[in-house]
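Same chain, two partners: chain A is paired with chain B first, then with chain C.
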Partner chain A sequence: MNNNQKETKSNPKKGKTLPAEKSIKDAVLNIFKKALADNIVDAVLIPAKVPDTDAYSWILLQDESLFDIADPLPPVMNVQGGRALSSFSKNGELDLKIAALMRPCEVRAAVELLKLHQVDLDNVTLVSIDCPGAMPLRDYMNDPKKINDSFKKISEQWEISESLRPACQNCHRFSLMDGTGSDLHIGLLGENKKVTLISNSSTGRDVMDKLGFEPKDSLDKWKATKEKLVKEKSKKRESFLKEWQEKIKKTDGFFNELNKCINCHNCMNACPICYCQQCYFDSQTINFKPETYLQKSKEKGALRFPLNTLLFHVGRMSHMVLSCVACGACEDACPVSVPVGRLFSMVGDQTQKEFDYIPGLNREDALPLQDFKKDEFCEVETPNECEEKVTEEAK
Partner chain B sequence: MAKAIKISKNVQEGLFDFLKSLLEKEKISGVFTLKKMDDNGAVSYSLITSPDEFKNAVPLYPFMPVNAGKALSSFTLLGKTEEPIVAVLRPCELRAFVELVKRAQGDIENFLIISPTCGGVLSLNLMGDKNQDKMVSQYWISVKNAEISPDTRETCQFCENFLPLNADITVGTLGNKNLDKEFTLFLNSPKGEEFAKEASGSSVSEEIETKEINELKKKREELREKYFKETGKEGEGLKSLINTFASCLGCHGCSHVCPICYCTLCEFDSKTHEYQAASLSSDLKKKGGLKVPTGNLLFHIGRMTHMAVSCVSCGMCSDVCPVNIPVATVFSKVGSSLQEEFKYFPGKDIEEPAPQGTYKEDEFMKIGEQ
Partner chain C sequence: MNKKIGVYVCECGPNIPERIDIDKVIEELSSMDEVKTVKKHSLLCSNDGKKFLKEDIEKEELSHVVVAACSPKDHENTFMKVCEEAGVNPYLFQLVNIREQCAWMIPDKDEATSKAIKYIKAGIQRVMFHDALKKKELEINVDVLVIGGGISGIEASLSLAGPNRKVYLVEKTDALGGMAGKLSRILPHQGTEMGIVKEKIEQVKNNEHIKVYTSSEVKEVRGFLGNFEAVIKSTQENEEGTEEEIKTGAVVLATGFDLFDLKENPVYGYSENENVVSALEFEDMIHSEKIELKNGKKPKSVALIHCAGRKEKGYCSKVCCMYNLKFAHYLKDNLPDVEVKELYMDLCLPHKQDQSYFDKLKDKGVEFIRMDELVKTKKSGDKIEVEYRNNDKKDKFSVDMVVTSPAMVPSKGTSHLAELMNLPLDESGFFKELHEMLNPVATPMEGVYITGCALGPRNIPESITQSHATSGKILSSLIPGRKVKPEVKVSEIKEDLCTGCQTCLSVCFYGAISYDAFKGVSVVNEAICRGCGSCVGSCPSGAIRSKHFTYYQLYLEVLEALR
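For the complex of A and B:
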């Protein structure tokens, strides 16, 4: 367990159940409409459909009429929410109060970006929502109507459908977790024609008070349904991890998955965690003279172009995988269907376990790489001393 | 009539044997060409130096995983290759390489350039498809008949510049009904003639621009007009532009794979274009809402002003777009009218400077000064 973890974990017992007679979408939007109308926030960050097109995007809105195009749970994740939030809040001071509605993985990304100083959350109320997953971007763009219809069905029934993005099929963190990620959470599970607003921080509680929503309704039904689904999806995730660990057991197995990679770096540019202005692998650092490349080719018989295609993935992985929130944005952006999200999510899972770290869970948990512990990984660094220590402890 | 040799073999096999013999006889140090990565359909460009590794080479395989001009630029960015290399690339890739050489982003010296009369390439999202082999066979039938293959990129379908410029050797493929049995290598330079001595063929004199090729050109021109008309409705101004790029993620994949976009750090990825939180209050007051991340449209317009005059219409940008924006068709459309204004043909003449590099006092008098 991380030492820096403070006793700030909230474990909400009660929430506010709100009616959703017309639709879930309407009920969710009403919360934000009220917050804006009552001047509790100055602007709302929410997914929206671009008028006259099939495209979804993020909108930061102040004008109430723009709620008409807002959609709390669109069928696709266009830009990762953490990335969207960072794009306008990382430079200078954010002097507006903003409520941001995001999927849980987007909230986790925002929390990681907070630790990386790439987002300003001081004036932001992060609102997460029970997430049924999202559909692959390319599928949606190929046939928006069909994908919209099947997403509607999937999200109503909370089905772990194979037509969801692979990241979403294997996601067990689709709801509020026992941590300090979001300020508010909107529960959709368990209740019929109702949504449940749950505060998860003092900021969240404050907003609820101002909204006049006293948390006095039971969360039992939501919790029970959620936990049942978590269990089911965890099982699915375990089998995914097992399957992929087997698949890439040998180094070749891992690299073969990247045979199709064309080195476009879309994965990195869609990744919420990859925030570097200029990626090391796009820099001039690794340029060599032609004779060096020829030499490299002669050593192996052939040299793949673009250069460093595999190094890029391994390098990027070592840079960000501890913070990988398994959102799948990378895989969605890949033009040649490399299962890059699954690869990163699987490696991330194992690495994060080694560090006992869950990215985006708690704002207070230090990033593992910033948190040096002398006796960490002694079994790799100083195996002899480590052994002594372990036997001593055993005594 | 052009100097040529006729080789009595299947075109893919014949070219393979020719390249392999150049490598084995050490006439060259390496072959830059497409190589099979696995049995699942993945191909990638490779600099092959060992005859053993050459067994996986597939020189004319109809995929463009990266614009080879860009790849050759990364190879020769810091200077020319001292040892001779053969590069097999498509006409638009060669044009891109020439544009990059003009911009001091590569060196074409010591390359023997081989390029086919080009039937186009299949869209990249078909790489690894379960029907890949079938589509590739279909593709070759279209090539033989000088027809437009339906699985090829949109830009390939309407490409009129499918005969290579600046190649030492042109491989004749389009419209040759006997491609399975024989094909022609056109020798365009003394260097080409010299190396072609290693190919086991008989000297002939043939015309590249056959009746079939001219008919194909016409068909492609018609398609071009059609696609240009359908993409970006004129007269709708900004709205059409906004709608065309509405789903853009801002991943900048289009710029990353564009052979002409060679900047190490794109202006639009730099600090200069990052949003300042302090602008939020006034922006929201003015507009009521902001599409975030901001600046996606500006990126496309900006990139266009930077590179469209050199756009070779290779189609890489459309192929990598995760949300199916017809980037290449838009850029090709704008590029071609811009190129016409400047009387500039990107990739044609290595000595001719790019328009931005040449100021002419009396240029565009009609829109600027009197």
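For the complex of A and C:
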């Protein structure tokens, strides 16, 4: 996988800086308006504010006049973009060319779903954008105006505010990564009143050429600002991981966090990676005759209902945590404030490291459990001998 | 239907009662509601035991049977057959292993007994939820795919093809004949001219029951005895990539060998010196009847070097000695004044006429020199200086020409093919036979056979013998009209739960699962599935079920065992 990464690593040197006199939002939308008007794409998947309400949603936009309601960076992440993309591109190939504007974590989810055959990206140009984070959905619903205002301030100043969703406070992958996820990226950092369009694949480059945007502007300032912020946020993430590893060191600690769960399975429904048609835990497979439960209750003294609360979370975790992109959609969806996103993100961090795997980074990287590397075998074989053999073979 | 379960505890001679209190087991189980009868027998797998079991099942009118005895590996099939004869569906039967897993494991009799009781109870829970699976009969395909068009593949094809049996012969190069076809002549006591190989190629071409694919390779093979599917891909320039799917009943691998690369070790001086030639190049010289040095002159002295690559590879290639003797005979017969030296590590003259062939050479004045190691072969003026070591003594001589006999190594595609078909290789990289002595042409995959040098160095007669053995195996198992009963304990996919993520495809060892793009779901080919359950474990959606090993059956079994 490491070799693979080296080969596929893209390292854009130049971009196209576009003016944003009126607003960042307008400048970003203009790119998509032009792409649609010039028939470079047939449709745009983009977040939008539902007219006359405070609600946000995804729209697959083909009528230019509807760009009025589109919002490239809404204050909340109501539905994960990977999930939105999957909902219409799952069954077969897309006939239309689509540009999808998403936050980096949503792009990463889309890449994971590609590996699981749950999206079709052949005709999709994935466009990521520097993301300042999003506000907790519940806070926003309680007081949309107040949250809108504070989000505006946070996004202008790139502040790691405590009023952001916990997943966003602890996110260090908020911008373009050194991989083959996005086709295009929109840089907001570094330049004032300007946005920078960066191509990250041949598809992206092709779209830029067609748009007439020659990448000749330096990316130095964007990169420097981004790297500084990545450093700052990585530090924040490290301290979060440390704190939570301590907190749930023992199994009890882990279970205590999940004890509030009411078995609504919202986390599963919001998760972009949970793609099963029907969850095992929603099926009849584990429903038994009453006497089974009476017997169990007799053996244990008492039996807790609803059943399988902990098993559900552990089961879900074992299924998808290697692909968890730490988007926090699960935690946002939880009605009883279980820190489920933080738990998954923390466990994901450790398990993904075991496999040298960063979900959503590269489209070419095989899912860790579907891929077999010879040196992994050494962990179960006699380690020294095995490693010697593998290194020798590699030579 | 009311469940009437019979439990039979086998004593297995003294094996089980020594460690397990069988009467206590019977007493404990008799009190269970679902159990109609519990009986013991001294040796259920004996004829007497089987008769008792059959009669008792019939007498008690049982619906389900549990036998507590040995490992399912030993007698599951035996007792399933008895159930069938007694009119009980063989899948409504469970064998509980109280010998290996209880009696032979636990020294304490009380503990062993209580574990046996738990296990049998778990088996009873499980058997109640078994499905009465039905075996389907499948007509076998009697055609054969032969991979490799050398002498082994040709011989196998010729002995298999006939009015009732079609043979598909796939050769990667553009012509049949393989390595044997490149030889100038074979040993005198095996016939003088290479006409035999040519004749056989003609026979193949004229045989309407053999379809030959040259410049082709096998891209996919899956299935089992009587039921293989294979894809043959053309590598020919103008039809590159054309694919053909065929169905056969058996596969013969006759992929032969390649030669050790003499450039791998500088001591052979192969790339530096134009008058150092390989054995195959020398065959060409004999073929064109022109034994000449590069400057056009006839050599006055020739060294024949055996065992090139033996040290590197670690095995004797078995055939080189005899063809080196053949070279020496040819040299002496055609260039009477030539001086011939044979440099060898060990001589391998195993067949009945080899010794006299060798003795005659001594009469013709060929010098045989034994060496432990070739030190170097280097140019010295017009001559080639050959230096060698025998024991601790180094020595050297000069000759005009050196003929080096490289070792036989696995042919290039061997490891790829092994991976494709899940076949094991030996430490030298050749295919591994199921049993070197007792089953030398079979593989762990039923219906896949190997012949000739794909298994390791051997000569032409041996290869032909093996091809005949292979044909014998196939002819006796793939009889037209015969039916096979494929495994019914296979996987099945619930389409409305399948999300089409295709994880199962990546774990299926047998290639039994394919993706239906129209429906967006994975599909199991029941004829190829062997019921291993890998896909069941890998499916994140729980959409795959293994018949006879369902979640529910396993859950109840485990629950009872842990109670």
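Assume the second predicted complex is superposed on the first by the 368 of 395 C-alpha atoms of A that agree within 3 Å, B and C clash if a C-alpha of one lies under 4 Å from a C-alpha of the other, contacts with A are read in each partner's own complex, and residues count from 1 in each chain.
The rule is short, and it goes like this: a residue touches a chain if its C-beta (ideal position, glycine included) is under 8 Å from a C-beta of that chain, and two chains touch if they have at least 3 such contacts.
Just so it is clear, the model here is predicted, and its values are computed rather than measured.
S.K.: If chain A is used to align the two complexes, do chain B and chain C fit next to each other or clash?
M.R.: fit
S.K.: By the touch definition at the top of the document, which applies to A:S283: first (chain B), second (chain C), both, or neither?
M.R.: Both chain B and chain C are touched by A:S283.
S.K.: Does the superposition put A:H117 against chain B (first), chain C (second), both, or neither?
M.R.: Touch status of A:H117: second partner only.
S.K.: Of the partners chain B and chain C, which touch A:S202 in the superposed model: first, second, both, neither?
M.R.: Neither chain B nor chain C is touched by A:S202.
S.K.: I'd like to know which partner A:Q350 touches here: chain B for first, chain C for second, both or neither.
M.R.: After superposing on A, A:Q350 lies clear of both chain B and chain C.
S.K.: With the two complexes superposed on chain A, say which partner A:Q157 touches: chain B (first), chain C (second), both, or neither.
M.R.: neither
S.K.: Is A:S23 in contact with chain B, with chain C, with both, or with neither (first, second, both, neither)?
M.R.: neither
S.K.: Of the two partner chains, chain B (first) and chain C (second), which one does A:H319 touch, if any: first, second, both, or neither?
M.R.: second
S.K.: To make sure I follow: the centres are taken over C-alpha atoms, the vertex is chain A, the ends are chain B and chain C. What is that angle to the nearest 10 degrees?
M.R.: It works out to roughly 100 degrees.
S.K.: Could you tell me if A:Y275 is touching chain B, chain C, both of them or neither one (first, second, both, neither)?
M.R.: In the superposition, A:Y275 contacts chain C only.
S.K.: Given the superposition on chain A, which partner contacts more residues in chain A: chain B or chain C?
M.R.: B
S.K.: Once the structures are superposed on A, label A:Q370 by its partner contacts, choosing first (chain B), second (chain C), both or neither.
M.R.: second
S.K.: When the two complexes are placed on top of each other via chain A, what is the minimal CA separation of chain B and chain C in Å?
M.R.: Nearest C-alpha atoms of the two chains are 7 Å apart.
S.K.: Where on chain A do the contacts from chain B and from chain C line up?
M.R.: Shared contact residues on chain A: 90-92, 277-278, 283.
S.K.: Which residues, counting only chain A, touch chain C once they are in their complex?
M.R.: 90-92, 116-118, 275-278, 280, 283, 285, 292, 299, 319-320, 369-370
S.K.: Within the complex, which stretch of chain C touches chain A?
M.R.: These residues of chain C touch chain A: 496-503, 506-507, 517, 520, 538, 540-543, 551-552, 559, 563.
S.K.: Within the complex, which stretch of chain B touches chain A?
M.R.: Answer in residue numbers: 29-30, 32, 35, 37-38, 40, 42, 44-50, 52-53, 65-66, 68, 70-71, 74-83, 124-125, 127-128, 239, 242-243, 246-247, 249-253, 256-257, 264-265, 269-271, 274-278, 280-281, 284-285, 287-294, 319-324.
S.K.: Help me check something: in the complex, which residues belonging to chain A touch chain B?
M.R.: 42-43, 45, 50, 52-63, 65-66, 78-79, 83-84, 87-96, 120, 137-138, 141-142, 256, 259-260, 262-266, 269-270, 277-278, 282-284, 287-291, 293-294, 297-298, 300-307, 309, 332-337
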